[in-house]
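In the two complexes that follow, chain A is the common piece, with chain B as its partner first and chain C second.
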Partner chain A sequence: MSTLSPPIKTHLTREEAEEIRKRLGREPNPVEWGMFDIMYSEHCSYKSSRPMLSLLPSRSPRVVVGPGYDSGIVDIGDGYVVAFKVESHNHPSAIEPYNGAATGVGGIVRDVLCVGARPIALLDSLRFGNPRSGRTQWLFKHVVRGIGDYGNCIGVPTVAGEVEFDSSFETNCLVNVACVGLAKREDIILAEFKEPGDILVLVGGPTGRDGIHGVTFASKTIGQQSEEDRPAVQIGDPFTKKLLIEAVLEALKTGQVRGLKDLGGGGLTCAASEMSFKGGRGVELNLDRVHVREEGMTPYELVLSESQERMLFAVNPQGLSQVLRVFEKYGLSYSIVGKVTEGGNVSVFFQGEKVAEVPSEILAQAPVIRREAKEPSLPADGQNYPTPKEPENLNEVFLSLLALPNIASQEWVFQQYDHEVGVRSVVKPGEGDAAVLRLLEIPKAIALKADCNSRHAYLDPFYGHAGALAEAARNVVCVGAEPVAYADCCNFGNPEKPEIFWQFKRGIEGLAYMGRGLGIPCVGGNVSFYNEDSETGVAVKPSTVVVMLGLIEDLQWITTLALKNPGDCVLVVGETRPEMGGSEYYCEIHRINQGRPPAAEAAREKASLQTVLKAIRAGYVSAAHDCSKGGLAVALALMAVQGKLGLKIELEHVPCRGVTRKDELLFSETYSRFILAVNEENVDVVLKLASREGAPARKVGRVVDDAVFLLQASGTPVIQVDLAEIEERWREAIPRIMEGKN
Partner chain B sequence: MKNYTVEVVIQNKPVARDPEGETIHRDLLLKGGYENVKSVRAGKYIQLEVQAEGPEDAEKLVFEMCNALRLYNPVVHTSRIQVREK
Partner chain C sequence: MVHVLKNVLNVPTELVWHKEFKHSGYDAVVLPGGFSYGDHLRCGVIAARSPAMEEVKLMAEEGKPVLGICNGFQILVEAEILPGAFLPNDSLKFICKWIILRCETAHTAFTSLISEGQMLHMPIAHHEGRYFHEAEALKALSFSRRIVFRYVDEKGEPSSKANPNGAVGNIAAIANERGNVLGIMPHPERASEPILNPSRRRDGALIFQSMVDYIKH
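Let's look at the complex of A and B:
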């Protein structure tokens, strides 16, 4: 009998079912099977990823709460903390982009809210297939609108983000959203049950049958049936969310709330069992009390429903009426669904009967699955492709690069967002390498950026992931911030395939290496597996998005990328190498998806980061930008376009190693490089600073008061273009594609 | 060929929530004292003038068009199509 599969349909493996019976010492009933099914899903349990994620360094004197809670929490001094988290909503967005993306925002906002922080900013990191395909246009338009509408309705600005297009995302788009919140350190609250006798209050939207097994849905690959998989997609409700935000923060002010968690994937089961496990207390739930939207819901449906906009509070019984008055004031529905108990069991009652009783440690601690990792025979084999001939007209190549969807201006996206609501935005989308938000409460600012380069990560997951972390660090440094912590969102294919798990393993090792080397802790993350098309077996390129938090203690340090003063000298920090694999130039101009991507080396990265941060903070730098997609040429062009000033650059002065061709110098995407504009009298001191830090750096040219962009080698023009043409190519590309013009 | 007026009404599926309708109901109508209103569902209305051989053809044309160009998403929406001869 005991070797049989569970009596109801679950996604548990035979071994998991056996383990549950063994630990429980009996056969679970159907409700309990349902609870195990959801808690042992990849989404709730991280059963494949946990052993790898523990490799990521996650401590620093600033870290208050690290991975494992709803949000990471970082101390920024003066009694304040920043809470942030990033999460994927890939699967729902791929079948219903508007609501899938909107509810993704809703979920991540609750994660920040439920540690007691006020949400102040959103970031989005999106990946789609070919932007000219009908499906991608449909997904892209509705995902962007879903995020924009939701953010605008709840009054939280979308301040930064990135969009990447690659054919591997055609079926499975990636929609990652981050939320950042601010709180006083003393107001932080955790998702734990601490005091037996505390009353459980379920607040927010009524519980319905929607989203039952949404989590197990997210742990499956997308196939034809998904279009019919109806109940797994939620409808976003920003109107209730806005009330919920205000009500939660006011309820916490009473001092009577002792534990709080949002209900996301896994619904009431997940919230109650995790709070019970973390706090070391038991919990008793009375399902008859849950306020519902539909009649006749069964216990199974009530414990597994994933209806949106719900939060579970543990409230001191003495302060209950005070807390309930707050919910009534905001017109929010609530129900008193149970209490915290001694012991460690999750006990569930319905119509006077006990319908489930399971120790929370068994629910919250799914056995780890040691997945096999095997290096795939990727086209990554470094040298096995014919080196392309250097094009004669680099001017034309340069202009084509500017109009590539991965390089062109993403204004089309962020102009649909309200990025100014809340009046905190100082450096707005496109103005700097990272967004900068002024904190109204204290005279400091924070910098935020999300980064990932899936083409680099595909060719070498270790370097590609280490490089994403380094790039995010470079970006916040460019606006004058010190990188203090990051959160990551991993998006991969099916981890049961050894080649995919190898990508994940190498990727996390790369992040761990760079995190340790730069001294930047990881404070939280999210893993989304099964991002692959079940028909074709094509997985997304490995894409771990790094969301970086930077801290600016003096508002005078804030720096943007636009050139400002004619006559300023242009400095390049960091040397260029012929690392062409995964570059936009190779992928899009030569159609080569092979080769070695740039090597990410922590020591080299640190030298460049320190040079630039110190130079900016000493007041020597008038504009700063890092080199990423499109390389040196594109980075220089964007500084000129944003500043409406020309540039004259002598390419023979650019620090480089092993570079033999002009196209390599111009378009290689080598890491650890920055471009700085510096007043002439400070050039020597910045170069000395660089040499002290061990970063190669040189003066390469000047800012000119003339609309010309001139890159020349030993006096011969290599690229010579009018600024207006650069601007048009770069700004018009995405709108033209979306209008179907080319 | 005749001219037809085709009306398309797109709503969230009955099993799905309708936050817009709920908000109109709760925050506008009930607060305004219209207690006899028991529920509100919002949606999108599209009116088209179409040339077709007959009313069935007109309906088929619009139905196929709505599906092909994703005027609604069958994952979350229902569409109702009504044809009137001009």
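Let's look at the complex of A and C:
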């Protein structure tokens, strides 16, 4: 063993260092310390979160590959599977928003690609601070541009997502990106070394010094000194990625590739040790062969670099030339960096010397840390806040809500993304509650949506997280899809603080509860901790983004939210309760950040979901929308605006429980609620269906042919506004903030 | 693109690798959208120097239909097969949205099935889609009826509000003199099937069908 460089500084705890010495039976050398440093980072090892994540139900007859691999894989029938994954790129985006966000897209695309699936869609979930602050505008603008430039260039449409603004994200913005791929079931490949003697080929961008310690950087809080971490942010190259996508898919067609993994966080070390561990084989890496961007890189830098656009192939030696020809056709650089061996060691050679040798199981299995969880004394504590007086002019309140950044149209964002490329986009951004992509290969469609309500989750992580899963399910049901699986992306503060770990623990318990209740498995996830400002100690509101996959087996079922026919009746499914905590109405109009958020109950949710899904599939529903931010009033308004048709609603008919005030009825964000437009002759049958499913439902009004939006109570107008004014408030709010337009 | 030609219009279509393209085997060529060479240097400028473009030029000279869509249009301009230049959108942002086009002439290989003044729905998706040409040259283009589509509002007027990118004269598509080469910024292939088109029509397919008819006659 050589020690080429002096012992290095690591981020390992003293206990972890001791454990490593014990398991290895000796003192690691500096290169090995570097490898342990990244593999034991929170980002790579999930050492704090693993015990909790195992609570999430992850099986169903459709699940082919569940959590723990690069992508979750779900069978959609006819010999095809959908692979998908969501990941955070919060830390890099907070200090270098353009490249941070762009490489977030790059990374997640590789996760889907490396199971052998063609990436067909991207989603993004973004969280920022106050939209009027200079920092937020800088982050927001460049994150959106980074995602757009990268996704557009590789020809993968960005079809859905969400943006949320809250002051807790001022320092630490959250950038979560999901990728969805399609493959034939028989073409799936896993990140495993299986056959000793297989040749390792490193393909794609050259290795440089960028991104060294990206994962350890992502495993600490952000403060003033974080600016110095900018070299830890990788730089993306979408054109190389496009070549890589086509080359990988063509190389897999040769049938000579037996294992494949992308190089993301943790670089070569992470890819080689995980493939070795999962396949139960060893690996020999020869660093002299790695094609590099800069001279004089040390072994330490070579094994840790997180340079983008790289993939590691394990290739049958007999078919090597066939595979290499594909890379040459696409003009991609590659190097033969080693081979699969018997045993289970990751052995690294440099200039003829062995510079590291560690069993992959020690590298890939960081000891779990049992974190302490303690319920914080949140401001939500009790209900000790003065109930606000009901405003006299609800019309004005309603118009203000429409222009709130969390409710206003996100057109400013999604018009910067090519959401049409690939000729699959049927329900486009803004047209429905979820995106719908028809598949070209089989006569089916998939629905996709990402959801999270951090204000609800902050006040009650259990209900808030269960609610995020329920909302994502509601959204795919609204477009006519059955929710079949989800992936989650957890974003929290510093897990070493018991109050933060409590949020995480309760959040996962909430997800597990709702997943079990609705029978929707989790097929993959990502955990991002340390989303915290080290100067102020302010952590982000707990935000677990749920990315839902829905399946539509008959294209006739596809439904949008726009009202279509004057004379249609409007039905509300699900009852409204006075659950005002965390609502946009409380937070933004009354500045109350307390109270009880909506309760998520699986049985109630299921009754509503089943009612709507069955009604849509029977062909009774001309438009469907769920109630979320801004409540019933906002949901109705968006259906009217999109359909360019008016509404006349009798509020006394809205199913409710415990509601005593009009503002509660209009703006409460109670879960399990839908609005449906139904032809008059089908109203009774839909109401009967709801009753059979156990969902409260009632006809509340009609679609009208003039441009007026009227909500009245016992014949007296409560809200009465022209559609044009609703549209103007809702559509122009974000451009006004971002472009300084008046 | 291949899906639409093959499965929607039933045209025998091959995706050809850029190093292997020879003009002689084909009746028409489509340069699809995308980001050739990652839009490095300037959109389309590197692809315009590809040997494949020499073959495309030969096809254009032979009078065979040559259709450039989005980045394909940018490549045709960079290769000087079509006149003009592209600037970044006046919003300085990438824009993806559905717009309305008005057909200005039916006398091209791609518009014989479309009547003059007819309005079509299609999406745009570009960052450098602002067509530009000097005033004198524009007059000549207009005089020789080579402006094929303009961006218009719902009333069919080429208003500034209907112009998504600041293109001079609201120009969305132009042709060569013979009318067998068309460059178009919007994406007809994304508007060729009712399921993808919010107006539930197949506007984009009219362009491809015209091209097929032209080949047959």
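Quick note on the criterion: the second predicted complex is superposed on the first by the 732 of 742 C-alpha atoms of A that agree within 3 Å, B and C clash if a C-alpha of one lies under 4 Å from a C-alpha of the other, contacts with A are read in each partner's own complex, and residues count from 1 in each chain.
Simple rule for what comes next: contacts are C-beta pairs under 8 Å (C-beta built on N, C-alpha and C of every residue); 3 or more make two chains touch, one makes a residue touch a chain.
Here the structure is a predicted model, which means the values were calculated and not measured.
When both complexes are overlaid on chain A, the residue A:N99 reaches chain B alone and has no touch with chain C. Of the two partner chains placed by the overlay, only chain B lies in contact with A:R293; chain C stays clear of it.
Once chain A of one complex is fitted onto chain A of the other, the partner contacts of A:E87 are absent, as it touches neither chain B nor chain C. In the overlay built on the shared chain, the residue A:E301 is in contact with neither chain B nor chain C.
Counting the residues of chain A touched by each of chain B and chain C gives the higher count for C. Touch criterion met: A:F239 reaches chain B and chain C at once. In the superposition on chain A, A:D262 contacts neither chain B nor chain C. Within the superposed three-chain model, A:G208 lies in touch with chain B and out of touch with chain C [touch as defined at top].
When the shared chain is aligned, chain C comes close enough to touch A:G155, but chain B does not.
Taken together, the two structures place residues 237-240 of chain A in contact with chain B in one case and with chain C in the other. On the side of chain C, the complex with chain A involves touching residues 3-4, 7, 17, 33-35, 37-40, 93-97, 123, 125, 127, 187, 189-190, 193, 195-196, 198.
Looking at the complex, you find that chain A touches chain C at residues 145, 148-149, 152-155, 237-240, 242, 329, 414-421, 423, 425-426, 428, 431, 438, 440, 555. In the complex of the two chains, the chain A residues touching chain B come out as 95-96, 98-99, 138, 205, 208-210, 227, 230-231, 233, 235-240, 293, 308, 331.
Contact residues of chain B toward chain A in the complex are 12-13, 15-19, 22-23, 26-27, 70, 73-76.
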